[in-house]
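Just below sit the structures, each encoded as structure tokens.
Two complexes come next, and they have one chain in common, chain A, joined by chain B in the first and chain C in the second.
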Partner chain A sequence: MKFAVEERDGYTEVAAEGRLNMVSAPMLRSAVADAIGAGHRLLVLNLGGTDFMDSSGLGALVGCLKAARQAGGDLRIANVGEQVQMVLKLTSMDRILTPYSNPEDAFRDA
Partner chain B sequence: MTRLVLRVLAALSVIAGLNYIVWRWTSSLNWGAWWIAVPLVIAETYSIIDVILFSLTIWRMSERDKPPHAPSGLTVDVFITTYNEDPELVLATAEAALAMRYPHTTWVLDDGSRPELRAAVERIGARYLSRGEEWVGKPRHAKAGNLNNALQETQGEFILILDADQVPYPELLDRTLGYFNDRRVALVQTPQYFGNVPENDPLGSQAPLFYGPIQQGKDGWNAAFFCGSNAILRREALMQLGLTNYVSDTERRVRRALAVGSRVVRRARRRPEARDPRVASLLESVERAIAEGTGRLKAGGSIGEATYTVQSQVDSAVRELVAGDLARMTGDLAAIRTELGVEDDPGEDLEGLDTAVDRLAARDLSPLGALESVKAVLDAVSVERLHEAQPVMPLSTISVTEDMSTSMRLHASGWRSVYHHEILAVGLAPEDLPSMLTQRMRWAQGTVQVMLRESPLTMRGLSWGQRLMYFNTMWSYLSGFAAVVYFAGPLAYLLFGILPVTALSPDFFARFIPFMVLNQLMFAWAGRGAKTWRGQQYSLALFPTWIRACTTAAANVWFGRPLGFAVTPKARQEGGVSPLRLVWPQALMAALLVAASIIGIIRWVIGASQGLGTLVNIVWAVFDLVLLSVLVGAAKYRGYDAVAEADPEASSVTQNDASPARKSASLGKQDAYPGEKNAVSHTKEER
Partner chain C sequence: MTRRALIIEDNPDIRRLLEATLTRQGFEATSAGAGYPALESARRITPDLITLDLGLPDLDGLEVCRTLRVFSNAYILVVTARAAEADRLEALERGADDVLAKPFSPRELQARVEALFRRPRAASVPESELQTAARVQQGLLPERAPNVPGYEVAGACHPSRSVGGDFFDWESDGSSLAFTLADAMGKGMGAALVAATARAVLRPGRLEQGPGALVGAAARALEPDLLRLGSFVTLLHTRLDASTGDFTYVDAGHGLGLLIHPDGMWERLTTSGPPIGLLQGAEWTAHDSRLEPGGALLALSDGLLEAFPRVDEALNAAVAAVLEAPDADSAVRAIIDLDSTGQDDTTAIVVRRSRSGAGVASG
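So, the complex of A and B:
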């Protein structure tokens, strides 16, 4: 799993590439923790390159959301593939996290 | 064939039971003595429902063949949970766990955070975990919290859970992992067997009927449940459970907080302190934020969006207020400085001000803290589950028996479970009456808690078979109330000559005796040689424990009173309370029954009562006394004496002799199968 953190206009994009499963979930946590530590607050997780996510991955997502909120920011997800969409629905996580189609849209209202 | 006989016996017992109880309700009640007649017939109905549920359980008893082969390459974490057990005991279990053949990682989860245990665990090559800082000041959720913490720190696909005293056999994982080839299987439970229990099992520790026909029967209904230890779980299933629960709990809390939020704020605005224009404008902003958040949800937005809207609007209002305060303060300071004639450096001040605003507007220092009710609402309008250490909690925390509740939720979300009937670990049972009573109390309280919080009868996603299987276990813990009536029955006749039935006619015996005989035959056949006697004794003799468990659990669930939760002591308690103080209600009851029998005979001699009634009721009283007598042996029991118990042949076939701390090690595996074990069990579902 690879992560790329890039500063955009009004938000910070974290692009996650690979499979987000129980092995790589801790990596996502630390990538987001690092970004928050570096002062980024409004984070968009671009899941375009994430072709698989399991419940541990979702668990890490909740952990990251908590970290971002506690730092006074927010974490949003964008560019979600079919499989990820399916697990979000399965656990009703889409009721908590809105999947945005483009990273640019995620913080349009904020 | 065996199963056919069992089904015939079960069907006949149910028919005989219904035949008896219908007659009791319709044609035998002595309404003149309704105060004993009605409770008695209700207690009997209770018992017959118990028999029906048991019959239903064994109707589908599973007979699994050899377990499927465990594929290689699975990743497994072994969790050994400990709180205050002797480090020697924990280490012996950890060593046996390390020696299991299938590749795995062994973790000791120490809720006592003992540095010396950490050192010892790491020395033998296992890994050590204790709770982190995020748990400070948050509910710890006992063992469930300990396991949830570990689930967050580890990654294995499968989790074996062992209590600190459960020494696993080397082949445990090889024998059980194969069941997970079926992708829908989330749980494999194996029996809990205790090595430190003498042949006559004075404390009723072994549960061969439960870890045998009952779990096998539940298995047949896909309802074999998780018993806290000696079980393997699929991480994916647990995580999914945690997430689903996180979503529903968060959604419920947020919706409720938003619903009551505007009312709470309006009330705060009417209070005297809201006359301050700064407070008033802050509250106005909060009210507006809550309204907007509610609007977002109504428009179909997610909980994340709605909470973020509310929080960010409130934050900016708070920042504004703090900035105003600080600006005023800086102005005042400048004035003071000028007055005192100190040189001023406005540049440095300005830069520091921003940081100060950030810091003072943060949640922990926010001026909103002064408005507690408003702050509580706003804290609830969040997706972080601030009141908990972890947002996602895979193991259920609604009960002190997290195991049963977790497996019920697993079943409700469509996962399957397996009961594998083979002893693969040997543990330690309590060795004295007080510890045993504590343990039974906890099981009973936990089960009743689950029943009242998340009743299986109404839980969505469970099949009716599964519902009844869970309900049966809960139902069996109501036996304390029935016991009181069964003790009161003979007292009423022997002391006052009052008979709860209209007559002890042939009608009565013709219905009662076949039912009793068939019922006993069914239990005997289902137990395959295991005697159910000790269990029958305890299910009535511990009536004060069962009743207190029900009342305390109800007070806990309905009125939020604490349960008085205690960890079951694994080591014998020295000295301590006199047993009579723990079982005085039973002692009193026994004394009453003896006295009543004597008085009953006198009444018969002087012609105040009839012979048949006296005889039947004395037999009944003696039966009650024999049930209660189990406590004499229990109170006298001074712990397991390995030397006295050891049979020279059995002690030579040990598997886990490596652990000197454990008396259990001297038991061979051959005689350890619950069904074959001479130890006794239970009509009651004992775990």
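So, the complex of A and C:
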């Protein structure tokens, strides 16, 4: 899995590309932890390139959300593919991690 | 003893060269042209040496390397055209023992392999311990179905590795039936330990207590550990009154419970809340429904979903398997067989209520 962190207007975008599974989940956690450590608070995870997520991946997403909130910020997800949405829906975590259609909209209300 | 080598390489010419070189060196060589079949072969043949190309058609070679390290103690020699320093370092970090740049000389390959085998290998996970764990986990599954007059009950659990995070469990006194299907995050040994812990706290009082109280108490017991470990458990727990077919259930972020009506129509059971251990202080609402004579209750784990492009297709196939099977046992077997990928743990419970008068309230 590959990550790209870019500062945008009012938020920081973390683009994750590849399969979010048991192998890559710790990488996502550390990529987001690094971004928080570097002072970024409002994070948008762009999952446009994430075509698959398993339970370990979901654990990592929620872990990242908690890390962002603990640092006084927030994390939102955008550009979420069908399979990832399905996992969020099955586990009713779509209520906590609401998918936004694109990164620019994720913090529009903030 | 013959040394076994697994060659992971998508280019047929290079594959043949590796096969010939390693066979001359006394290896019994097996080849795979892509990541997924390679991982499957590695589990099956337990090779002593793996040569790994990083540019595979389906999976990133570095991910394959790291996944291999989860269960294999083989020497991993990365043979790649991507041999810039950053790639070499990353491969070694992910568990490779050595990196050889393409194009390579067969003599250098042989020398590197011999050098690897001169180094003693400390076993990371002794195979025997994993086998013991697998036997214990199988032993924690119900041995036989409970006898509930008017109902057929069956279940099965197939971990994708030796051990896994799925389990099912049940208990009946003949008039009440309680059953649970749960899935702990991840795969392998870590998931299995969490699953065993969850199983234990979901047992006491499950025939006497309603699912709401039972799952609430279990969640309170599990939550601190799961939050600390960054893990979670999804589950469907149901208690059924055999005389009426009335049942109460809690679906904690599982989403894969189905009620099949006597006419073959089906509906998904409603969620009760999030998975256990993901959100501190979560609560779960129990729901009530009824299993009519001729109907069935079906609980699945998400392993089945990976074999189908869409959730509905997976669920339709599972329902069809239940409707076509002569009994609950063969229904469960048919459902497990639907998952041809074997990428994830697959588990199913089927509870069928007979059409005849048995099990219908007498008073």
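Convention: the second predicted complex is superposed on the first by the 110 of 110 C-alpha atoms of A that agree within 3 Å, B and C clash if a C-alpha of one lies under 4 Å from a C-alpha of the other, contacts with A are read in each partner's own complex, and residues count from 1 in each chain.
In this text, contacts are C-beta pairs under 8 Å (C-beta built on N, C-alpha and C of every residue); 3 or more make two chains touch, one makes a residue touch a chain.
Treat the numbers as computed from the prediction; the structure is a model and nothing was measured.
A.B. asks: Judging by the criteria at the top, classify the pair chain B and chain C on chain A as clash or fit.
C.D. replies: clash
A.B. asks: Check the residue A:M86 against both partner chains and state whether it touches chain B (first), chain C (second), both, or neither.
C.D. replies: second
A.B. asks: In the superposed arrangement, does A:G63 touch chain B (first), chain C (second), both or neither?
C.D. replies: Once the two structures are laid over each other on A, A:G63 reaches both partners.
A.B. asks: Which partner does A:G18 reach: the first (chain B), the second (chain C), both, or neither?
C.D. replies: second
A.B. asks: Figure out whether A:D74 sits in contact with chain B (first) or chain C (second), or with both, or with neither.
C.D. replies: first
A.B. asks: See if chain A has more residues touched by chain B or by chain C, and give me that chain.
C.D. replies: B
A.B. asks: Check the residue A:I96 against both partner chains and state whether it touches chain B (first), chain C (second), both, or neither.
C.D. replies: Both partners, chain B and chain C.
A.B. asks: Kindly classify A:S55 by the partners it touches after superposition: chain B alone (first), chain C alone (second), both, or neither?
C.D. replies: both
A.B. asks: Clash-wise, after the superposition, say which stretch of chain C runs into chain B: 19-27, 109-117, 235-243 or 307-315.
C.D. replies: Looking at 19-27, 109-117, 235-243 or 307-315, the stretch of chain C that collides with chain B is 235-243.
A.B. asks: Taking the stated contact definition, name every residue in chain A that is touched by chain B in one complex and by chain C in the other, in rising order.
C.D. replies: On chain A, the residues that contact chain B in one structure and chain C in the other are 22-23, 54-56, 58-59, 62-63, 90-93, 95-96.
A.B. asks: Which chain A residues qualify as touching chain C in the complex?
C.D. replies: For chain A paired with chain C, touching residues are 1, 18-19, 22-24, 54-56, 58-59, 62-63, 86-87, 89-93, 95-96.
A.B. asks: Where on chain A does chain B make contact in their complex?
C.D. replies: Per the stated touch rule, the residues are 22-23, 25-26, 54-56, 58-59, 62-63, 65-66, 69-70, 72, 74, 76, 90-98, 109-110.
A.B. asks: Considering only the defined contacts, which chain B positions touch chain A in the complex?
C.D. replies: 152, 155-157, 235-236, 239-240, 242-244, 246-248, 250-251, 301-305, 308, 311-312, 315, 362, 382-385, 391-392
A.B. asks: In the complex, go through chain C and note every residue touching chain A.
C.D. replies: Listed in rising order, the residues of chain C that touch chain A are 59-60, 63, 66-67, 70, 165, 183, 185-188, 230-232, 234, 253-256, 271, 273-275, 278-279, 302, 305, 311, 344.
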